[in-house]
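Please read through the structure below; I'll follow up with questions.
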Amino acid sequence: MATLTYREAVARGIAQEMARDERVLLIGEDVAEAGGVFKTTQGLRERFGPRRVRDTPISEEAITGMVMGAAMNGLRPIGEIMFSDFLATCWDIVANQIAKTRYMTGGQIELPLVLRSANGGGARFGGQHSQSVENWAMAIPGLKVVAPSTPVDVVGLMAAAIRDPNPVVFLEHKALFATKGEVPDGELVDTLGRAATVRQGDHATIVALAAMVPKAIEAADLLGREGISADVIDLRTLVPLDVTAVATSVAKTGRLFTVEENPRLCGWGAEVASIVAEECFWDLDGPIVRITTPHIPLPAADAIEDMAIPSVNRVVETVRASMQ
Amino acid sequence: MATLTYREAVARGIAQEMARDERVLLIGEDVAEAGGVFKTTQGLRERFGPRRVRDTPISEEAITGMVMGAAMNGLRPIGEIMFSDFLATCWDIVANQIAKTRYMTGGQIELPLVLRSANGGGARFGGQHSQSVENWAMAIPGLKVVAPSTPVDVVGLMAAAIRDPNPVVFLEHKALFATKGEVPDGELVDTLGRAATVRQGDHATIVALAAMVPKAIEAADLLGREGISADVIDLRTLVPLDVTAVATSVAKTGRLFTVEENPRLCGWGAEVASIVAEECFWDLDGPIVRITTPHIPLPAADAIEDMAIPSVNRVVETVRASMQ
Amino acid sequence: MSDAPSNGTALGPGSHPEIAPSVRLKMYSSMWRARVFEKRVYDLFMSGLVKGTTHLGTGQEAVAAGFSTAMRDDDMVFCTYRGHNHTLLRGAPMDSLMGELLGRESGCCGGKGGSMHLTDVEQHAMGSYAIVGAHLPVAAGAAWASAERGTGQVTACFFGDGTTNIGAFHESLNIAAVWNLPVVYVCENNLYMEYTPISSVTAVPNPAADRAAAYGLEPIIVDGNDVDAVYRTALTALHRARSGGGPSLIEAQTYRHHGHSRADPGKYRPDEEVEAWMRKDPLILYRARLESLGFAASDLDQVEEAARAEIDAATAAAKEAPEPGEAVLMTDLWADGGASWRR
Amino acid sequence: MSDAPSNGTALGPGSHPEIAPSVRLKMYSSMWRARVFEKRVYDLFMSGLVKGTTHLGTGQEAVAAGFSTAMRDDDMVFCTYRGHNHTLLRGAPMDSLMGELLGRESGCCGGKGGSMHLTDVEQHAMGSYAIVGAHLPVAAGAAWASAERGTGQVTACFFGDGTTNIGAFHESLNIAAVWNLPVVYVCENNLYMEYTPISSVTAVPNPAADRAAAYGLEPIIVDGNDVDAVYRTALTALHRARSGGGPSLIEAQTYRHHGHSRADPGKYRPDEEVEAWMRKDPLILYRARLESLGFAASDLDQVEEAARAEIDAATAAAKEAPEPGEAVLMTDLWADGGASWRR
C-alpha cells in the first residue's frame, strides 16, 4: 500500500498497462520530455522510451486522428488533450469519427483507445481552461466516459479504460491532482460502469462526480449532524451509467440531488434526473434538485470562481432547504 | 400572404434583413453562386451582390472565426455551416470563442452574429450528415439556440436572430425544407424565447422541436380520438427556454412527454424534464417520459433510419402506454 | 489485388521497367469495373433505389486503378465519400458495395454506413469518411501503427482539392513529415469543391503541390487520367514510404464526369472545359494506348464485358438481399456487439 | 498611441526614412513599460497574489513595441495568453491590466478574464485568446469587416511558433490571402512551444516563413529583438495591407527570458542558448544603440524611472481595488447585461 497523489496515480495507471502490453503508447503535447504540464506522465518516457511516449506538435486533430488510426491498426494508443476545453478543437475527430466509426461500419472497425484530458475548474485559469465537459462526451453515442475522484480509482479505471475495446474519454480533474489517497500495491483493474456508494444514508441520495465527490461527502457529513442522512454516490463513469445504483438508492431515500460542475443546461445531472423522473417516479417523495455551476463560463478571479462552482455550503443549504 | 417552402423561408428571412441593414452579410461554402446545397440561399447573391454573399473555402474554423471577428468590428454577419454535424470541426470557435468572449471580457465585446446550419436526420445521409446537435449548442453558455418548425417561424425567427445582439445558432431542419406554409406579406419579426402551444389538451403535455413538431401534432390528434387530449408545445428556441409555457401546461395536465430527435443522453429533453422534475414536481401525476432517438449514430439505410427517429406511432404508443 | 506486381514495391524512384501486360490489363479492367459500378449507381439513384446521396468517381478511375494496382495486399486505403472507386478496387466485393448503397443487410456495413461510408477492413479499405479532411490524421495514425509494429505496410489516403484548405490537412501533413510516416497523401484535384472552382477559394494554383514545401516535401503532380503515370508515381511513393523515406504528397489532376453529388448536372462548369476533359476520359485514352501497344481489341472488349456482367450480377444480388430489421439497429455501437449505455 | 508617427503608415515598402528620435524614445519607453510590468507580474505570481497562471512576454518586448508604435490609432490587435505586452502597448492602462491579473473588479475584464484574456476594446486591443490558433480566423474576420466598411483599419495578429502547426493557422492564412484581407500575421518565434523545441515538431526550419509560399505570400523574417527592424517591417506590412496589398506573414525571431508559464524555470533550454539570447536582450541592445546615436543617458534613465513609477502606482491601485462580488458573477453573458437562459 502506498500513498499517491491523484496525479501520480495517473502515471501509475498508465505505467501498469504499458508494462503489461507493448501495444499501449502515449502521445500528446509535452507528455514525454516534460512529463506533462500537470506532471501526470512523469517518468513514462524514461521508463518506456521515446517511441512509446511521444511529444506532438500543437495539433489536436492530428493527435486524436492518429490515435484513432493507430487503434485501427493494432495499437492501443492513449492520446492526451492537455485541457479538456481543447477537445473542442478536435471535436469532429472525437464525436464524428472516433465515436461513430464502429457503428457506421457495421462493427468492422474496433477502436481500443483512450483520450485523456485535464478537466474542471477551481484553478483560476479563466473560461477557456476550466470547463467541465463530461456532458459533451456523454451526449455522443459511442464514447465511454470516465471521471474518477480518488487516486485508487484513477489507477483502476485507467487500467480498465486502456483494456476496454471501445473508445474511452478519461477526464482527470485538475482540482484533484494534488489530493492524496492510499493505493494498494500490485496490479489494479477496475470495472467501467460501476458507481460507488461512498456514504450511506436514508433521507436523500446525493449523486456526484470527480471533484464534486469530496464536496458531496463533506456536505453529507454536515447534513448528517443535522439529522439528514444521505447516500452519496460517486458515479465514477458516465457511460456506462450505473442507473441501478442510483435507482436503488432513490428507492430507499425518495429524494435525489445531483452535484455537478458543468454549466447547468444539459449536464449529466439532467440525464440522471430525467432517468429517475421516468423510471423511479413513484419512489420520489419530493422534487429532484440539481446543484450545478450556473450557465456561464467560469470566471478567472478567485472570488467569483468560487461562487460559481458548487460548494459544500451550497450543497448543504440546497439539500436542507429542499428537505424541509 | 404567400405559400412558401421552409427552404424558401430561409432565404426570405435573410433577404428581409439584408435589405433592411447593410451590415448583414452571409458567408459559407457554396452559399453564393450555387445558392446553397439545400437551395436555402438562392437568389441572395444576385440580389445583394458578391461582396455581401460570399463563397468560402472548406474552412469551417475560418468561417466561424471570421464571422466572430467581423461581428466585433461593425458587421452583423451570418455564417453557414453546411451540415450541423460539421459544427464539430469548428466547435472551438463556436463553444470556446464566440460563446464565451462577451463574458470573459466583462461585456466589452458584443457579437451580433448568426450561425445557420442544416440539422437533423431522415434523409438517408448516414451518421456524419444526419445529427441533431441542438443539445450541443444548448449546453454551451452564451449561445442562443433556435430551431423552427414552420416557414413562418423560419422567417420571423431568422429576423429576430439576425437582429439579436448575441450569437445565435440557427438550426434549419433538413426534413422540413420541402414542407410548405403560409407566410404573411411584409416585414416579419418574431421573438426569441417564446414557445408556441400548437394544440390544446388536458391530459398530457407533449413538448417538441423542429421536425418533431408535426409528428407530435399528428400524434396528439390520434391520441385525441382515443380520449387523451394533449397540449403540444413547439419550443421554437432552446435558449432562451420558455419554461413558463411548459410549466403552465404541466400545471394543467400533470403529465410531461418530450419528443426529441437528438440521441438520448443529455438532450434538451433531459433539461426540460429536469426543470419540471424540480420546479413542477407537485403538479406531476406520473412519470416524465422522454421519447428520443436511441443513443446511437443515425444509420443510413431507410429501413432502420426510420426506426431510430421518433415516429408518430412511437409517440402515440408511448403516451398511451404511460397514461394507462 | 492478389496479382499486384509483387516486385513493384521493391522499385526505387526512376527505376521502373516497362509495365507488364498483365498489369496493364488489370488496370484496364479496374477502370472498367469502377466505371460500370458508378454508372449503375447513378441509374439506381435516379430511379430512387439508391437513397440519400452519392458522389460518383466517374472520370477519376485512373487514380484508384493505378494506386490499387501498385499496392501491396496489406497496404491500407483511406478515402472520402467519393470513395466507391477506391473501396471497390482495393478488393471489396461489388455485391456488398451495391448492397450497402441500396441499404441492404448484405451491404459491407450492414446498411448502417451508406454511400459515404463504404468500408471493407478485410480488404484493407479502411473506410470512407464524409467530413472533409477528417481521414487525413486517421491515415497518419494507421501509418504510425505500421511503423511502430514494423509491418511494412503503407497507407494511402485520397482526398479532393477542396480538402487542402481545411485545418486537418495541415496538421496531418506536418506530423506525417515530422514523424516520417509511411503514408502517401493523394489529392485528386478535379478542379471543384462541390460547385465552387477550387481556384476561387485557394491561395495557390496547385492546391496540394504548391503546399508540399510547407511540410518539407517535394511537389509532385501527376496526370490523374493516365493510369500508367499514376501507377508509376504510386510505385515510387509507396517504395519511398516502405523503405523509410517518409510521406509523399501527390497531386493527381483529374476531372469528374458527373456533378458533385446526387443529380447535380454540374452546370456551373464551362462547356468547353467539360468537353476537353471528356476527351481525356481515362478509359478511352487507355484503350487507345493498349491497342497501340498491340493488345487485341477482343481481349479489351472482354474486359469490358466481364465488368458489365459483374455489375449486373451484383445489382441483382443486392436487390434480392433483405433490408436490415429492428434487430440490426441496436447492434455494433460497442465491441460487445450491443448499444447499451447503462447498467 | 496618440503620438504614433502619422506619416509612418503612408510609407511604401523600402521608403522608410530615418526613425525620428521621438519615435525611438517612445519605443524605448514601450519596452521598459512592458518589462517592468512583466517583472511585477512575476513577483506577484510568486507571492501568490496573481493566481492561476501567467505567461510573460519578457524578452519579446521589441515585437510589441515596434508594432504598436507603427500602428494607426484604430488599428486592431489580437494576441494570445502571452499578450500582456501587446495589450499594454496598444494603450490599455496599467492599473486596469494589473487589476485583472489580481482578480479585481477594476480589471479590464472586471476579473472575469484573468491573465490569459486581457482585452481593452477602447484601445483596439481586441482580446487575448488562450486556445492556440483560435484568434487567427477572428483577426481575419475583423480585417474583413474593415475592408467591407472601408475604415482603412489594419488588423495585427500575434501568435507563437507552435501555433503554426494547428489547423486554424492554415485556414486563416489561406482565406486571408484569397480575400486579400488587411491583416498582418506575426509569428513570434521564440523557439519553444511550452517545453518542446519547435524544431522537434515542425516539418520546416522556419515555422512561419517557410509556410508563406503555401498561401502565395512572401517569406518575411525579422530580428524580433531589434525594435527598429520590427518597426520598419511593421510599417511596410501595415502600409501594404492598408493600401489594398493584402495580408503579410512575418516571422519575428525572439526568445522568452522566463519559462513558458507560472513558475516554470525553463530548464529544458540549454544554458548556452539562454545566455546567448540574454545577451541579445532587446532593451540592452536598444539602449546601446540609442546611446551610440547620441541620446542622453539621463533621458534614457528617466524613461526607465517613469516606467517603474507607473508600475508601482498601478500595483498599488490594483491592490486597493475590491474583489468582484456575487453581483458580478451573473452579468455580461448576454447583451442585456444578464445571464438568464430562461423565460
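Annotations
Chains: A, B, C and D, in written order; residue numbering restarts at 1 for each.
Keep in mind that, in the parts below, contacts are C-beta pairs under 8 Å (C-beta built on N, C-alpha and C of every residue); 3 or more make two chains touch, one makes a residue touch a chain.
All figures in this text were calculated on a predicted structure; none of them were measured in a lab.
Taking the CA centroid of chain A as reference, the farthest chain centroid is that of C. Two chain pairs are in question, A-C and B-C; the one with more C-beta pairs in contact is A-C. Between the CA-based centres of chain A and chain C the separation comes to 40 Å, rounded to the whole angstrom.
Chain B and chain C have centres, each the mean of its CA atoms, that are 36 Å apart. Rounded to a whole number, the gap between the C-alpha centres of chain C and chain D is 46 angstrom. Averaged Cα coordinates give chain A a centre that lies 30 Å from the centre of chain B. Touching of two or more other chains is recorded for residues 107, 109, 111-113, 117, 129, 131, 134, 165-168, 171, 174-175, 178, 200-202, 333, 339, 341 of chain D.
In chain B, the positions touching at least two other chains are 56-57, 59-61, 85-86, 88-89, 92, 96, 103-104, 126-128, 141-142, 239, 265, 294-297, 299-300. On chain D, the positions that touch chain B within their shared complex are 76, 78, 107-113, 117, 119-121, 126-127, 129, 131, 134-146, 148-149, 151, 153, 155, 167-168, 171-172, 174-175, 178, 331-335, 337, 339-343. On the side of chain A, the complex with chain C involves touching residues 25, 51, 56-57, 59-62, 64-75, 77, 92-93, 96-97, 101-110, 112, 141-142, 164-166, 193-194, 239-244.
On the side of chain B, the complex with chain A involves touching residues 85-86, 88-89, 91-92, 94-96, 99-100, 103-104, 126-128, 135-136, 138-142, 239, 262-263, 265-271, 273-274, 276-279, 281-282, 284, 286-290, 294-297, 299-300. Here chain D touches chain A in the complex through residues 51-53, 100, 103-104, 107, 109, 111-117, 129-134, 162-163, 165-168, 193-196, 200-202, 268, 323-326, 328-330, 333, 339, 341, going by the rule given at the top. Residues 29-30, 33-34, 37, 55-61, 85-86, 88-89, 123-129, 264-265, 294-297, 299-304, 307-308 of chain B touch chain C in their complex.
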